[in-house]
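You will see subunit A twice below: alongside subunit B first, and alongside subunit C after that.
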Partner chain A sequence: MSAISVIRLTGELEISRKDEISRALHLVGSEGGVLVDFFDVTYADSTTLAELLRFRREADGQGIPVAIVIGSRQFARLIQYAGLGDAFPVFDNRGAALTYLGAEAKA
Partner chain B sequence: MLGTSHLRLNCLARPESAKPIRHAVAAFLAVFELDPDFADDVLTATGEALANAIEHAYAGRDPADIEVHAAYEDQVKLSVDVWDRGDFIERERQPNRGFGIRIVQAIASDVRIETNGGTRVHMEFLPPTVTGG
Partner chain C sequence: MVQRSTSTFVGVVLTLILVLGLLIGGGFYVRTLITQAFDDTAAIRAALGYSRQILVAQLDEETGVRGFAATGDRVFVGPYDTARARFPVLATKLQAELDAIGEHDAYAAAVDAAAINARWVQMVAQPILASHPDLQHAIVLELEGKALIDRFRADSDRINADVVHRQQVSQAAIRDAIDRINVLVGTAAVFIAAVGAVFLEMQRRNDVRIQRERLRAEHEQREAETLRAAYDAEKRIADSLQEAIAQRPLPTLPTLRFSATYVPATEETKVGGDWYDALELPNNRVLFAIGDVTGHGIEAAVTMNRARQALISSALLEGDPAAVLGRVNAEMYRQNAPLVTAVAGFADAGTYEFVYSTAGHPPPLLIEPGRRPRLLPCGSLPLGALGGSVYQLHRIQSVPGATLVLYTDGAVEHSRNVIEGEELLIEAAAGAAEQRVDDTASFIHKTIFDGRAVGDDVAILTISFAAETATGLRISADDAQSAFVGRLGRNGPARTSRVAPQNRRSTALPERRAS
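Coming up: the complex of A and B.
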């Protein structure tokens, strides 16, 4: 079974952290999938969405499943307002995201 | 507490300016004990307009001023203006870009963008009505 990589960012993800977000969202040893853990993100803006879309496209290109965990209502609504409700597999807890990645790895 | 309350802020168009400006607007909104999701949405829209100005208004030259004006009128109408004196460039939508204005339009009840001598984004928000009591 391939390992699942975890990318974790916390706090406020916005324009001043654009480079940090971009650097964090990279595929390294992620064959079993990537859990993007944004559970402790308290604010996000479209900077983050753009980087997530780029990352998702790269992962799709390599057949690597991605699951995103979001804990804040602001972030969840941001995705809806951007019209990206179907763009990412989003979960509100890590357990559900890991279950999803496990199932995807077996599929 | 009727009448109009105002908040006026000024900052340099730098990425590190966005967070303190947003927090100042959050503190302004907190005074009125608004619905938390509504207040978050106003901050989201304000953050998008601010980030857009920071990223694009003075691209390729020294950053200059951005002004933010929030007003809450008779506890009925909330507006936020974000304006700069830079260049307004109509940008084509790139695959992973251009969500800012879409987000603003999804949240605000009215959005007007004026491009005379800079760019001014005027956003109006209608707080959810309180029922019962």
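Coming up: the complex of A and C.
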């Protein structure tokens, strides 16, 4: 039985919250997939984006599907700058992300 | 701390005042007790004396009367008269003393004794002395007065017993008072010693704390100085690395114009890894690049230098920017370097074409005559993020007089709202075009920041095609809006062609709705 775990962070993600972000982005007990819920995130600095990429690499290494939900237009733009759309399936609502993860888990 | 020791001091002083007050009060109380006891003692002694003296006086009277009766000699009458004269005085004094010490029973006995004496004088002594000496008669009278004498003796004994008892009580009271003084003084001494000990201990702790704080402050200062020195050294190195970049001259060409600016963060804790390059190549071509290393300090500066060298050497080998970035990425990934974002491309002054690729970097901005400046497409991961990243190639057919603006994220992320930042940048670029400024880069920076403090390094590089006379002007096509539409990273404008194949980790990405 594999469950989908949700990692939720909000606000502006920057270097002063590095520890919190590193702790949040872990894979333990997430075999069914990880929903990175950044719906209420409005900004992320390069440190955070690097953390996200590290997380993506680790998940990829363990074959765990990851989806990211983004609600803020400005944060979506940053994600676009960073090319993270290449590394993550990006969604603008949680439902679509869960549907995607469910389908990935069955596949 | 000062406040604490002050309140301690006040507490100690108040305690001492309280103890002193108790001592003085207790002293007065004990003094009263003792004074009273001594006054009593004097009165008791006097009472004992008078009590003895009236007994002696009574005996003198009896002896005088008995002697006269036995011998008929008047010589015995002398002592009798003397005693007789003293007796009332002594009795009055005895009664006064007994009254003064409050011995009411003894007082009553003294009054009684005086009365008995008077009766004895009247009934026995005077009849004997008034008559001719007659022993027989005297013996009868004396026997008749025996009861009176006995009663007098009893009164005298009672007075004596009472007063002696009173004397003992009084002495006991003095002993008690002295004991109380001892207790009081002892308690006070213990109390004062305790308060003193507490005060001294507090003083000692205070001293220890002050000492410890002084040591810690000194330690912190030394540490801060060490850190400061290390930081200064690092900043000097990073600054000189950064300066080396700023000093690299931009090419001077008849067909292309350049402008550039690098403004380090106002906060001196941040020495960034921003750089830009413009390098002349054969056939009217120019390599341009701008980049930013994640993080700050020497490591960032060193990584920046590596990325930059790798980029230039790759550009000499590869003809297209996507391949250039692919090589640099492989190199940076291999070195496990901090992430680097960059834009690299070629400008062709013969065809007015810009070809570029981006790696996790904000999009280039294009200013064309008569049009509103627009942001070009961007995307793809930063350099060093994934080993096999492949970069999209964007080909922009532009026009004479067009200016390509490259910048680092500090130029658009200063407010944390990147959409707002982009609008400000576009406005600044439009202003530069309108005013036909020479130093476009500096103009844009000044317009955006307007003298405000800058939280991150900002580098700006612009490349302009020389303006052409009206003939042969190429009209650029649809606006390349990179809006938040469609799947991120794939919303390239119509005139952008991709040369590199897509490199998607997940091939089954769902479509994303526009929000």
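As a working rule, the second predicted complex is superposed on the first by the 106 of 107 C-alpha atoms of A that agree within 3 Å, B and C clash if a C-alpha of one lies under 4 Å from a C-alpha of the other, contacts with A are read in each partner's own complex, and residues count from 1 in each chain.
In this text, a contact is a pair of C-beta atoms (placed from the backbone, for glycine too) under 8 Å apart; a residue touches a chain by one contact, two chains touch by 3 or more.
This one's a predicted model, so the numbers in the text were calculated from it and none came from an experiment.
Partners subunit B and subunit C, brought together by superposition on subunit A, clash. After overlaying the two complexes on the shared chain, residue contacts for A:50 are found with subunit B and with subunit C alike. Contacts of A:16 after superposition on the shared chain: subunit B is touched, whereas subunit C is not.
Of the two partner chains placed by superposition, A:40 touches none, neither subunit B nor subunit C. More residues of subunit A lie in touch with C than with the remaining chain of the pair subunit B and subunit C.
Of the two partner chains placed by superposition, only subunit C is touched by A:86; subunit B is not. Look at A:74: by the touch rule set out above, it reaches both subunit B and subunit C.
Once both structures are placed on chain A, subunit A residues 12, 43, 45-47, 49-50, 53, 57, 73-74, 77-78, 80-84 are touched by subunit B and, in the other complex, by subunit C.
For subunit A in complex with subunit C, the touching residues are 12, 42-43, 45-47, 49-50, 53, 57, 60, 71, 73-74, 76-87, 89-93, 96, 99-100, 103-104, 107.
For subunit A in complex with subunit B, the touching residues are 12, 14-16, 18, 43, 45-47, 49-51, 53-54, 57, 73-74, 77-78, 80-84.
Put simply, subunit C touches subunit A in their complex at residues 292, 294-295, 338-339, 341, 358-363, 378-382, 385-386, 389, 409, 413, 416-420, 422, 482, 484, 487-490, 503-506, 508-510, 512-515.
Remark: subunit B residues 15-16, 18-19, 22, 37, 40-41, 43-44, 47-48, 51, 54-55, 95-97, 99-100, 102-103, 106-107 touch subunit A in the complex.
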